[in-house]
Amino acid sequence: MAEQTQHEQASPAVQKRIQDSFDLQGLMAHLGARLTHIGPGRVHIVLPARPEVTQQHGYVHAGATSAIGDSAGGYAALTLSDEDSEVLTVEYKINLLAPAAGDYLEAIGTVLKSGRTLTVCQLEVYGVQGDGVRKLVANGQQTLIRVDRPAE
Amino acid sequence: MAEQTQHEQASPAVQKRIQDSFDLQGLMAHLGARLTHIGPGRVHIVLPARPEVTQQHGYVHAGATSAIGDSAGGYAALTLSDEDSEVLTVEYKINLLAPAAGDYLEAIGTVLKSGRTLTVCQLEVYGVQGDGVRKLVANGQQTLIRVDRPAE
Amino acid sequence: MAEQTQHEQASPAVQKRIQDSFDLQGLMAHLGARLTHIGPGRVHIVLPARPEVTQQHGYVHAGATSAIGDSAGGYAALTLSDEDSEVLTVEYKINLLAPAAGDYLEAIGTVLKSGRTLTVCQLEVYGVQGDGVRKLVANGQQTLIRVDRPAE
Amino acid sequence: MAEQTQHEQASPAVQKRIQDSFDLQGLMAHLGARLTHIGPGRVHIVLPARPEVTQQHGYVHAGATSAIGDSAGGYAALTLSDEDSEVLTVEYKINLLAPAAGDYLEAIGTVLKSGRTLTVCQLEVYGVQGDGVRKLVANGQQTLIRVDRPAE
């Protein structure tokens, strides 16, 4: 995927829909995560490293790494769904490739296959130093299901 | 596995080692999770439902569900390791079977195969109501690797 | 699950539907696999060890181990579906726990959660010696989707 | 990865080592699979579609699709190992994205992370028509462990 394509923005309506949903996720706020890119089929979430998200050696906990990966994939899938539907994670698998070190983590969810009912996403999480050096710390694959949005 | 076996306790030394490591995990404290059982090859972690761990519909976020499942499996593996080694999650796969509803979640990590280098665990997460009604909300499988404990 | 429950038979109509589908799978015949138990939510498939299914050390190839595991899970899901629908594997994850040695392999697929659209199965594969000694050689988890049976 | 890099060849010694091991896999011969590319960290395996590898609708069986994906990943890892070691599949997860149709399947295993003990590979399987039209039919992720080659 060309660099330009990767950073294509979703429409303002889609961006608003994703941001509104994200803002309802108590966990994302509690972890200190924020959305940094919403493109068609591709969403980035950043999580600053701080003591509240660590495991026993001071690296970011696999649970926090996975949480932002899962959310990035879920929202990437949602960018390709119509506004009457939403998506739920069916399952995911993630490999922790290296200690999650860095000033912050960046999770990237990318839609690999968008079907009528199911969507499959690739999940990548990078550890990023303040000087911009990046390292892939986790890589995963996720399956999501499209469901009707509950009436409000 | 008989009910009695399931609740066998690990030795005091092992229990202390697990609890000490858990207490170093900033994420577990931040989420509000606590260890509730440490048996040989089997660990339980409880996470009370509260707004800080939710997704957009008020259920517990898949990321929090996974985080306690991953930790429960990791500590289950650690109960079977000698004190000079520790375990790291290589990967895990988890299916979210039902909305993670309930007053609290209980994650159970159980060692399925303990090898010289690798350990494989089963992960189960139940949603539990105050009246004790339990429902399996997530089920997974995890691979861990034994490494030498870093010198202090 | 009690021993008796494990060996409960599916209805003759269900058994016939499963066997007919299995007989259409060229791969199962080519590998030499056969159905040995069809219960509600639980199916067994046996694969004799022979040179045609080995990897480079003479054990059964992970691909053959997985193939019978995947089919056992798929048919376990199908036993719980009505006759107008069928199931397709969405994804599975499998850990190869030990070399797949033995006179034959026995794959057991068990439904863990049967939903309206999706089914989740546990997959186990045992290596069995002629004297009946059994060893778990692979363990997995599978997601399937129910679809309308194509008109004939 | 640039197209040119993708088709870089491994050294003749490595190619021979991979081909020799492949030739010992009874399953690959029995399925009719063959190695078509051996590059550093990247291996292709082709499986012609024929009745012996089908599921009940005439598409290639998920088990056969997975078998060539697993082998492609295993040999990709082996290209990066020294000649005294070999690799075993620890686990893999694969999503079946579309019916495995085509005149043949092409599995591509690519090393994502090569560590001292563990290797993680990406698995892709394409359905290819005689006219060259390709479609991704399966995508997966695999963990392998390096072990000493048994003395002969």
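By written order: A, B, C and D. Residues from 1 in each chain.
The rule we apply is simple: a residue touches a chain if its C-beta (ideal position, glycine included) is under 8 Å from a C-beta of that chain, and two chains touch if they have at least 3 such contacts.
Going by UniProt, the chains are A, B, C, D = PaaI family thioesterase.
What you see is a predicted model, and the numbers here were worked out from it, not measured in a lab.
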Same vs different contact residues, subunit A (PaaI family thioesterase) with subunit B (PaaI family thioesterase), by half of numbers used: same
Remotest chain, subunit C (PaaI family thioesterase) as reference, centres from CA atoms: A
Geometric centre distance via CA averages, subunit B (PaaI family thioesterase)-subunit A (PaaI family thioesterase), whole Å: 23
Whole-Å separation of chain centres (CA-atom averages), subunit B (PaaI family thioesterase) against subunit C (PaaI family thioesterase): 29
Separation of mean Cα positions, subunit C (PaaI family thioesterase) and subunit A (PaaI family thioesterase) [Å, integer]: 34
Junction residues of subunit B (PaaI family thioesterase) - those touching two or more other chains: 90-91, 93, 95, 120, 141, 143
Subunit A (PaaI family thioesterase)-facing residues of subunit B (PaaI family thioesterase), complex: 21-22, 24-31, 51-57, 61-64, 66-68, 70-71, 88-96, 150
Contact set on subunit C (PaaI family thioesterase) toward subunit B (PaaI family thioesterase) in their complex: 93, 95, 97-98, 112-113, 120, 122, 136, 139-141, 143
Residues of subunit B (PaaI family thioesterase) touching subunit D (PaaI family thioesterase) in the complex: 90-91, 93, 117-118, 120, 141, 143, 145
